[in-house]
Amino acid sequence: MKKLNWGMIGGGEGSQIGPAHRLGAQADGHFAFVAGALDHRPEVGRDYAQRLGIAADRAYGDWAEMLAGERGREDRVDLVTVATPNATHFEITKAFLEAGFHVLCEKPMTMTVEEGEEIVRVAARTGRLCAVNYCYSAYPMVRQARAMVRTGDIGRVRLVVTNFSHGHHGDATDADNPRVRWRYDPAMAGVSGQFADCGIHALHMASFICDDEVETLSADFASTIPSRVLEDDAMVNFRLSRGTVGRLWTSSVAIGRQHGFDIQVFGETGGLRWASEQPNQLIYTPVGGRTQIMEKGEAGLYADAKRLSRVAIAHPEGFPMAVANIYCDLADAIRGQLRDGLPLAASGVRSMAAVHGAVASAKAGGAWLDARPPMFR
Amino acid sequence: MKKLNWGMIGGGEGSQIGPAHRLGAQADGHFAFVAGALDHRPEVGRDYAQRLGIAADRAYGDWAEMLAGERGREDRVDLVTVATPNATHFEITKAFLEAGFHVLCEKPMTMTVEEGEEIVRVAARTGRLCAVNYCYSAYPMVRQARAMVRTGDIGRVRLVVTNFSHGHHGDATDADNPRVRWRYDPAMAGVSGQFADCGIHALHMASFICDDEVETLSADFASTIPSRVLEDDAMVNFRLSRGTVGRLWTSSVAIGRQHGFDIQVFGETGGLRWASEQPNQLIYTPVGGRTQIMEKGEAGLYADAKRLSRVAIAHPEGFPMAVANIYCDLADAIRGQLRDGLPLAASGVRSMAAVHGAVASAKAGGAWLDARPPMFR
Amino acid sequence: MKKLNWGMIGGGEGSQIGPAHRLGAQADGHFAFVAGALDHRPEVGRDYAQRLGIAADRAYGDWAEMLAGERGREDRVDLVTVATPNATHFEITKAFLEAGFHVLCEKPMTMTVEEGEEIVRVAARTGRLCAVNYCYSAYPMVRQARAMVRTGDIGRVRLVVTNFSHGHHGDATDADNPRVRWRYDPAMAGVSGQFADCGIHALHMASFICDDEVETLSADFASTIPSRVLEDDAMVNFRLSRGTVGRLWTSSVAIGRQHGFDIQVFGETGGLRWASEQPNQLIYTPVGGRTQIMEKGEAGLYADAKRLSRVAIAHPEGFPMAVANIYCDLADAIRGQLRDGLPLAASGVRSMAAVHGAVASAKAGGAWLDARPPMFR
Amino acid sequence: MKKLNWGMIGGGEGSQIGPAHRLGAQADGHFAFVAGALDHRPEVGRDYAQRLGIAADRAYGDWAEMLAGERGREDRVDLVTVATPNATHFEITKAFLEAGFHVLCEKPMTMTVEEGEEIVRVAARTGRLCAVNYCYSAYPMVRQARAMVRTGDIGRVRLVVTNFSHGHHGDATDADNPRVRWRYDPAMAGVSGQFADCGIHALHMASFICDDEVETLSADFASTIPSRVLEDDAMVNFRLSRGTVGRLWTSSVAIGRQHGFDIQVFGETGGLRWASEQPNQLIYTPVGGRTQIMEKGEAGLYADAKRLSRVAIAHPEGFPMAVANIYCDLADAIRGQLRDGLPLAASGVRSMAAVHGAVASAKAGGAWLDARPPMFR
């Protein structure tokens, strides 16, 4: 099968997310990395792109140059990944969609709900894919959990409880470190700190596994380090459309928690538990029965869990392979087979509505508010 | 050292809590079990008491008979444990305190805040001990956590997160089982179900380790099994008096969680984690450092953690020994040395105020309310 | 039910094992602690016994005095626990058995195989119980494992793998500490160090769960700290009488392992795993199926696992309660109901034969030797 | 940097190891996959290679054709991976080395010690790399362990204990399944079953982390399923050249263990523990101190652990990335920087000597034998 062409905007030398995308796109052989505008400093970006093996004429200085360069080519990129600073996602994503490119956008997809709705509309109008990198949802055992819920293996879901709480911003003496500080500064991060950064992964995961959407929420935000304007700890209670009760705790001052992302789903006839630090197991307890350890690669998993795993049972597959699974789904989609589970722009705008809803609720003393974007009410 | 005399009300044959109290009182040799009114059926109780080795004249038919019988004896019991149905705690406890007995009351100490305040006043007036069986607080590594917080080992506490969530009432087909049903029936359980049953252990633990008191809270209650009037799942956000942010989740429908009681405490310079199912370890992470596993029995623990442990490092001590630690502290207190950490009536009334506060907050859509008993405002 | 009378030899103030026996004997109310010769210093022992509540005339100066004092009493002790230094077990145990007392002897029961066989014969002749404190075998979930094997739940047992490896003697700078040194000094410890100290618990456990006996073994011993004459690390391969392959590793220099006692049993149709640091769970995997977590207190356990548990599922019961279970079985045996599973003198002598066999095998470069006492060949 | 050219022999459609190599070679962008002889059925292999994107003229029917085709090209492959059935490794590897290609050979490198020594000599003579895929040694935290040992962080190593025991061949009803059966059939597997299959990974790991070599060993082999000629369970005691005591258990009938590969290293001043199912943590206990959890990505790791990790702390990296690390080291080596830790032919022949030594020892009742290849004695 011919490789698809892929390009990247952002993700320059030294970035965290750049290598994950390059691994993810190339590992399974679906994409050839042929174009990039990798750095906000044009020369630095051009140089780095060439060191990564990109031809000089496709090593661009900025995204506009890349758009201009690629749109005219016969061998233009099939997919563009946008991994630039958050505030630029909207403009770049919109421009590439309108020029007929498929886009994978890093989260958060936009800064406002309005922008998010605009992306949804542009994607619909152009018929291009706009995916959002909710990569945790692509772990095989997360897909297994979703399939179990859909199949009814745990009955109607009563309750979903998720945490994404780490301690990496818990050192007050490090709070002025620019790589930390911007996250809690409204001028750079927008209306929300930790909830927008990590909480929305957890909220997406809750919707994803329950195969349902958030309707209302009530939030409690705290800035536990006094110099911070935005929250570094948040609790969000929510309700899904079919009545499932949701609870989400996110923190960046939970010293001792490393990645700290887990989810528990409790239905009428069983419970499930998954944690991102041991992603190859799914813990399942049928009501009245014993807790069982399900393993990636075991016999009898649902199709998606099988399809998105590469090596044998108990050979762990980690974060880079989860990102690669997003690219597998994208390759299939570009080739015409849209897989259930690929997170699209609708998920991106729902996250933004939840962020803005949670901020408003926290300001209103925990009042329950509608968390849906107007277009989905 | 002469043994103290001990009697028990409730805890009859087949009860869960009876054996734990008898083990707890007798294991370390502090108390001789000499009197009891063990069952609501007088003859059954008298018979069972005698089978447990109690003399016929101290095997009572009910608590009033026991009060009458014991108050006049020279060798009267030094301590009475009240392990009767919740709604009777107030009357019995009050009567024994007023007659000059020390009392250990099962939780919840009372059904209303007013009753709780009355118990506090009676205990103060009579100079008798009224302890409440928050036995989890007597695990050695919980005492260690409290001592670490007090000593400043993790700095000012920013955040405390605790869960007491199990799945043992998650089977809807079992919901009408009388042993389950009463807990969610206001006629029998009062204003709250799961929060009053398990949540108050967690809330007490948060206060206990942080050495601080709950001031305000905001609650979200849910009855996930429709036939239930009272909540089987609750989230309570709270604030302690020194500004610590608190989060508490309690559930009885979390299928797959067995005991499900854990607590995480995050301060400026470190984090702690403890779980009731592995009670002999305390997980500690200094800010910027590695997570360390502290073990009951390791060198260098604080005095209380050392004092309340019996066997060598890594020989687990479990729930019966935690209850026994409450009795160790009670024996010391009766003999004149009141130990820090023994939970007294003030803790009991604070729990009741939190229960009533949480119920009111949940009804008011999560409004933040004062959670203190009037006497402590 | 009338309490039985109990006395103890050894286990004085500051000893590790003394409190465990006193807790174990008294916790469930089966035994009254009425006599003792607790210390090798007569006055110290008498004083400590009285402080523990023993009457002056039964607070003995040494074991011979206790034997003389108790044998003539109408209310003589029903059971004597021998918790003195290892080299004295034989003499004391034999004397009390011959005087008609039941005995619980600490392990190792004797120093030689000949002494062990003599104890077996004396117990048979006098009709008295001689139990050995293989207390780990009394954990509820260990009894469950044994019952599962017997019932055929995992089929014929192919393989049993057990470790008892800790790191508490791994500090060479502490090796001359007298409390450590004696264990590796043949003058005090006999022919074996770590294998005789901890390994025999593991070997007993293997036999116990498999309900079979060791026939042959091959050993590799090492003294990893050069000043030690006896081994501080040993590997013993063995075969049970029905062909089960056994593997046992024991070490005292495994720095980082705390208690480090676990066992895995693999049969034709399933596998089991138990660890002393999480004693309330038994991990079970049916062949071709998922790993399941069995919990003490869950529905459907075999009778012994049920009988020897006191508190509800997921309320941990630890080491003191395991010792208490030995005393429960002893109380039943004294009252006429000999429970399967109570470890008796035959187990004690088998351990001694295994110790001497392993020492000989290690000296002979791992030669396979008969590990049975002559009386059981 | 220009990509290197890479080809593969074996690893056809449906094989387990093929995808791991393709991921490993391509993930970091070091190698372009340009040639292959992927299947023992020429047409099937040619077809599959082309479906994977290989040009028709480099989609070969067998290894000899590939050797002939590649040796003459200017753009010939820089590296050939040999992932064919074990008995063919020697011939293919030797042929490619002699033709001037670098080779990565799957384990076992050869079937005999003599063949292994021949490969070592050929590699030396030709100056070509012959690496062996001991991929577990390329996990970042394994490299960290090796660096800690070398740096002296745990002092002289006294003891190394490793297990590679799974249960995937424990079902007797599946024993005749051809994919299982060949492993225990001397006609196909050679002299050893489970030890040659999994045990040598563990033995290599022991040498690797201890930075030392096995000198002598004593083995106990068992065929727990009667129809098997070769062992499905083995215990091997060994000694490294500097006196370290080694213990290795490997099994394929340990039902309930999934991957089951772990290693513990105990030195004079500390202990280490690593397990392949949680490969991103290294557990470290300094003597007299607390157990600490070291995390891939934490600050202060040694250079190799840092270099071979791609994503942030607590984002798990799994088996495919470990294989990719072997390819990273190979790319560096081909480009002129030979990294410490890349497993070469010397490791391959040592493994074969250990296999043959263990077989002989087991036959000789556990006799201690020299486990070194003659060339390294």
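Each chain carries a letter (A, B, C and D) given by its place in the written order, and its residues are counted from 1.
We adopt the following convention: a residue touches a chain if its C-beta (ideal position, glycine included) is under 8 Å from a C-beta of that chain, and two chains touch if they have at least 3 such contacts.
Here's who's who by UniProt: A, B, C, D = Gfo/Idh/MocA family oxidoreductase.
Being a predicted model, the structure only gives us computed values, none of them experimental.
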| item | value |
| --- | --- |
| Farthest chain relative to subunit C (centres taken as mean CA coordinates) | A |
| Repeat of the A-D interface, chosen from B-C, B-D or A-B (over half of contact pairs identical by residue number) | B-C |
| For subunit C paired with subunit D, centre-to-centre distance based on mean C-alpha positions, whole Å | 42 |
| Whole-Å gap separating subunit B and subunit C, where each centre is the average of the chain's CA atoms | 35 |
| Interchain centroid distance [CA atoms averaged], subunit A/subunit C, Å | 55 |
| Two or more partner chains touched - positions in subunit B | 288, 291, 295 |
| Complex contact set, residues of subunit B against subunit C | 1-3, 16, 19-20, 22-23, 26-29, 33, 51-53, 166, 168, 258-260, 276-280, 295, 310-321 |
| Sites on subunit D touched by subunit B in the complex | 288, 290-295, 298-299 |
| Subunit A-facing residues of subunit B, complex | 154, 158-159, 161, 165, 167, 170-172, 218, 220, 222, 224-225, 233, 235, 237, 245, 247, 249, 251, 253-257, 264, 266-268, 270-273, 283-288, 291, 365-368 |
